[in-house]
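Multiple structures follow.
The same chain A turns up in both complexes below, where it pairs with chain B and then with chain C.
Entry: the complex of A and B
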């Protein structure tokens, strides 16, 4: 940006308010934004868990059993529960972002936001159904 | 005696006080009065030294944006009765330096607005030989929403990114850049992208989304920025995969 304009000299004492470090704590929509940003930490946590799981799987049945026992630790169960809620929040906010980022037009008219976001949810349901099918098939 | 409501106005007179301070006024609580009417009442009948910007009184000029009870609002469209029984706190728009009372310094915004070239850029002669550039209603519809912006800077006051990093180009300027990009008569998309693909451009936006929430004209700047990000990403991939296709 350019240096301050000449206009400044006639107003030598502008008042500037500093943005508080806790600006996000005073309004629900700002707090929601911060929680959404924080959710990425929990997404990363899930990725780490998945990598550890793959590592255990490669180590053979004993290693995998050990990994599963480790997962039963109450602390990890709680952490996983919290992570699940955050990942859910992360996914929903991402899905709802789609109609903002894509102005889909059909025959010259812009599609309503709900219709643009819907395919995400449909795909999510389909994948979830597939996972449930794979998990319950053996039982 | 008619009903009244208390208005607490942030006063800042640089020659008198080092910090803004609130001053209370009692104004009639008329059913059809907006906050701007109350401020004009104070200025005309109570305290002529109060400074604020306004012009059209009908949500077109974008001059009277202020912070009302913590929210950025066009004061000409914010009714007193909505806040009854009060008090109502009126402060200058956030994220801008305050010159005096409710008057903020907007040069930064105007420079940013200009940097994105919010006008029709043509590579050929600007005046078409055969008269005007024609446009279908469908083509108009593509950008019409973004053209409703009145430069009231309410979105800047709501944007924490702009508050924390004044280098950020900001919501309205990007929405207006998008307005011209989507215009079938415009050819300046690449020029604007050169400015806006910087970190202080579209990538500074973390999609808080408040700009869209507070916009009095339903412009949806947050949507414009996300669409811009998508277009910039596509542009980057295209130039990466097919370097020869670059203009």
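Entry: the complex of A and C
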């Protein structure tokens, strides 16, 4: 027999330990989560660069040359290098999510994660190659 | 009637932006951020770039890239600030900053791409 539940006028206070603001710096998996979330800042940063590029493109050949010279600024090159690493991290973590979000079954058996994620990488390679081709093709 | 949540729509935009950014940003940042400025590859000149961007398909792709990537950032960054720094009391300001920024950037992208000569 359960003991009868006593009536309480006030709800007892729960004990909650205060989580440090820097909880994510304690463990590699938490830090990885935070870095992955922060990749979005670099995604937005690239959009800003793209908008500036479009603006320069409208300004004519001189303005566009000015934009390209601006990109040669060492500070910007370093920032873009960091940005590149972050978006790479975003892409890999994003593609690897597919098998977790979608369980593909073939003849009743679940396909291994690698095979579900693989088409992403193939498509990624194809898209990247197409962009490089379009932007470096001369004439 | 219960107020309908915006969350599914925002999540769909976040997800779409995640896909767009994953497929296109690494190669674009590699080219424009590193390979062209450092002289590893020859960038297309003004005329050629204009010709490329003027194509309706390029305009559409670039618009979707800006629009979805910005909402991807807004959604993810919003939760980074919530969870990472535990500043829930600033929610309204964070939302305004994130989604306001995304809307502003999207409008700018639409204007720039639409009025391109």
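Basically, the second predicted complex is superposed on the first by the 120 of 139 C-alpha atoms of A that agree within 3 Å, B and C clash if a C-alpha of one lies under 4 Å from a C-alpha of the other, contacts with A are read in each partner's own complex, and residues count from 1 in each chain.
Following the convention adopted for this analysis, contacts are C-beta pairs under 8 Å (C-beta built on N, C-alpha and C of every residue); 3 or more make two chains touch, one makes a residue touch a chain.
Values in this document were obtained by computation on a predicted structure and should not be read as measured data.
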item	value
Partner chain(s) touched by A:100 [first = chain B, second = chain C, both, neither]	first
Larger contact residue set on chain A - chain B or chain C	C
First, second, both or neither for A:19, with chain B first and chain C second	both
Partner chain(s) touched by A:108 [first = chain B, second = chain C, both, neither]	first
Which superposed partner A:28 touches (first chain B, second chain C, both, neither)	neither
Partner chain(s) touched by A:87 [first = chain B, second = chain C, both, neither]	second
Touching partner for A:37 - first (chain B), second (chain C), both, neither	both
Which superposed partner A:133 touches (first chain B, second chain C, both, neither)	neither
Common interface positions of chain A, toward chain B and toward chain C	19, 24, 37
Chain B - residues contacting chain A, complex	12, 14-15, 19-20, 70, 94-95, 97-100, 105, 107-108, 111-112, 138, 141-142, 160, 163-164, 167, 206-210, 213, 220, 222-223, 226-227, 229-230
Contact set on chain A toward chain C in their complex	19, 21, 24, 34, 37-38, 40-41, 43-44, 46-51, 53-55, 57-58, 60-61, 64-65, 68, 71-72, 76-77, 79-81, 83-84, 87-88, 90-91, 94-95, 120, 123-124, 127-128, 131-132, 134-136, 138
Residue ranges of chain C touching chain A (in the complex, touch as defined)	17-19, 21-34, 36-38, 41-47, 49-50, 52-53, 62, 65-66, 69-70, 72-73, 76-77, 79-80, 84-86, 101, 105, 108-109, 112-113, 115-117
Residues of chain A touching chain B in the complex	1-2, 5, 7, 11-17, 19, 23-24, 26, 29-30, 33, 37, 97, 99-103, 105, 108, 110
